[in-house]
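Structures incoming, each one as structure tokens.
One chain, chain A, links the two complexes that follow: it is found with chain B in the first and with chain C in the second.
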Partner chain A sequence: MNFAFHGKRISGLLAIAPANESSFLDEMKNFDFPVNRSLKLKEVMGYDKHRLVQEGICVSDLAVYGMEYLFNRGVLDRDRIDALILVTQSPDHLMPPTSSIIQGRLNLQHDMFCVDINQGCAGFIVGLIEAFLLLEQPAIRQVVLVNADVLSRKTSPRDRNSYPLVGDAASITVVERSDDDCAIYANLKMDGTRREALMIPAGGMRMPATAATAVLQDVGDKNLRAKDHLCMDGSAVFNFVQVEVPPMIETLLAAAGVSMQSVDWFLFHQPNRFMLHKLADRMSIPYAKMPSNVVEQFGNSSGVTIPMVIASNLAARMLGEQFCACFAGFGVGLTWGSMLLSLGNMNFCELIDYPNESLQ
Partner chain B sequence: MEHIYAQLAEILELEQLTADVVLAECEYWDSLTVLSIIAMLGASYGVHLTATEVRGMTSAGDLVAAVQHRREQ
Partner chain C sequence: MAHNTTMEELAELLREIRPEFDFTKSHDFLADGMLDSFDMVTLVATLDKTYGISIAGVDILPEHFKDLDTIAALLRKYAVIP
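After this line comes the complex of A and B, so read on.
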């Protein structure tokens, strides 16, 4: 499905990563695999360090910390936020919405729209589409899009399939109207028949969390995980990405009338370095135009990875320059989405740490 | 292409590899090996096979023949 928007822009972006860092080399002992095989995995996938929240830290903690940082810096006004969109798959509670928790903790105005969206690796694209749709309303002049996940808390440390790549993070993206009428193009596709490729089986109404769903099990591949944990069919996801993403980007660029060569940056979701290099190969995109270094430094933080790739590679350039950027996100649902837009001249673009709790 | 068997042997963690070796009978014929082979073939030979294609190969010789065939296209 194609979308087009006019007169809108991303005016600021902040990424928040927990200061707490874990390393693949330290975690290898938790996996039931020979060390040389784990080292090979590290080399092929580009695993190294990742940022994980300390025990008990929730999505709203990361979001509130980041919002207060922006208020204190004077780049965001708490009384001018007309809508708060939170995209997460690891909410603080089943109810109330975590966007309401963030609104309440920050004492934001009542005259606003708060909504949670359950989306994962395509969550930045889905969130931006929602933000642009809301900005069509005269009453809504500024939307704050928060992407945040603490999925390490739902991932088994003894699952070599998922644990080495998972990262926790949040991002705050401010979306506003713009005098520049330059069009923003987007393309989104969904296939719910493949919904089980990425899932957390227990914890909802279909399979409530119990003592039994917390028991670690080996399902035959030497990885130990419980029904409460994230379960990913890695091969199915890899195939899905390689098959669906390149034609989606072609469709997007064709709708926009833009050639592959005139795109300055391909800022894609960051599942691992290997998958990004294979995508770049397939589309004949130089690796230099598609940064793939987020997983090795921070981990894969689901819908936060596109803001992370921007804030960790291009923060300074986003302030004074303007680029033709192509975003793509792909994952749970399954959902795959992409966006072509003019990106830059932001009021702020930064990556900060969420500090560790002192152990006193 | 003369090193391809040595490269595949290294990925499969075998001393040596000959054309008649059945891939599924190798100790380390798993998803990580398949991805490592895809990465190696892309980097060394500019050949891009999918995971499904690599998994569908019976012997090491079949795999090498498929790579040769792709390079000639």
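After this line comes the complex of A and C, so read on.
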């Protein structure tokens, strides 16, 4: 499905990563694999360090910390926020919506629209599309998009296939109307028949969390995980990305009438370095135009990785320059989406730590 | 590159990843528990580096990594084997 928007822009972006850092070398002892085999994987996939929340820290904690940081800096006015979109797969509670929790903790105005969206690695694209759609309403002039996940809390520390990759983080993206009529193009596809490729089986109504669903099981590949944990069919997800993403980008660029060479940055979701390099090779994109260093520094924080790749690689340049950028996100659902837009001249673009001492 | 030489090289590359197995004696590495999906990724990275190729992501499928013959067939596609 193609989308086109006009008169809108991303005016600011903040990424928030927990200060708490863990390293793959320290975690290797938790996995039932020979050291040499794990080290090879470290080199190929980009396993190194990842940022993890301390026990008890939730999505709303990261979001509220980031929003207050922006209020205190004077770059975001709490009374001008007309809509708050939260994209997460790890809400504070099943109910109420975590967006309402954030609104309440920040004492935001009542005359606003708050909504949670359950999306993952395509969540930045889905969230932006929702934000742009809301901005079509006369009453909505500014939307705050929060992407946040603390999925380390739902990942088995004994699962070498998932745990070393996962990172926790949040991002706050301010989306507003713009006098610049430069078009924004997007493309989104979904395939629920492949929904089991990425899932947390227990914890909802279909399979309520019980003592039994918390028991670690050897699922046949020397990794131990419980039904309460994130489960990923790595081969299926890898193949899905390699098959679906390149034609999606071609469709997006064709709709926009923009050549591959005209794009300054391909800012893609960051599952691992190997997968991104294979995508770049397939589309003949220079590695320098497609940063792939988020997993090794912060981990894969699901829908936060695109803001993270911007804030960790291009923060200073986003303040005074303008780029032709192509976003792509792909994952749970399965969902895959992309967006082509003019990105830059932001009011703020920054990466901050959520300090350990904020634990309350 | 001679076919036999490549098969020997392949077996050696596989042994570097999983030294506990003899890859000349299986016709289904995945079913026999000798390779998992992450070993496949490691193998592809090794093949890319060793032969100066880039195996396309769409070719990284379990059926191409069942045994030495299927891996050799994949390398033939990339002109590593004539």
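A few points about this structure:
Keep this in mind: the second predicted complex is superposed on the first by the 357 of 360 C-alpha atoms of A that agree within 3 Å, B and C clash if a C-alpha of one lies under 4 Å from a C-alpha of the other, contacts with A are read in each partner's own complex, and residues count from 1 in each chain.
What we mean here is this: a contact is a pair of C-beta atoms (placed from the backbone, for glycine too) under 8 Å apart; a residue touches a chain by one contact, two chains touch by 3 or more.
Being a predicted model, the structure only gives us computed values, none of them experimental.
By the touch criterion defined above, A:279 lies against chain C but remains apart from chain B after alignment on the C-alpha atoms of chain A. In the superposition on chain A, no contact is made by A:42 with either chain B or chain C.
Once the two complexes are laid over each other on the shared chain, residue contacts for A:177 go to neither chain B nor chain C.
Residue contacts after overlaying the shared chain place A:317 against neither chain B nor chain C.
For chain A, the partner touching the most residues, choosing from chain B and chain C, is C. In the overlay built on the shared chain, the residue A:239 is in contact with chain B and with chain C.
With the contact threshold set out at the top, residues 37, 40-41, 44-45, 234-235, 238-239, 242, 274, 278, 281-282 of chain A are in contact with chain B in one structure and with chain C in the other. The residues of chain A lying in touch with chain C in their complex are 37, 40-41, 43-45, 160-161, 221, 234-235, 238-239, 241-243, 274-275, 278-279, 281-282. Listed in rising order, the residues of chain B touching chain A in the complex are 11, 13, 28, 31-32, 34-36, 38-39, 42, 48, 50-52. Touching chain B in their complex are the following residues of chain A: 36-37, 40-41, 44-45, 234-235, 238-239, 242, 274, 277-278, 281-282. Interface residues of chain C, counted against chain A in their complex, comprise 17-18, 36-42, 44-45, 54, 56-58, 60-62.
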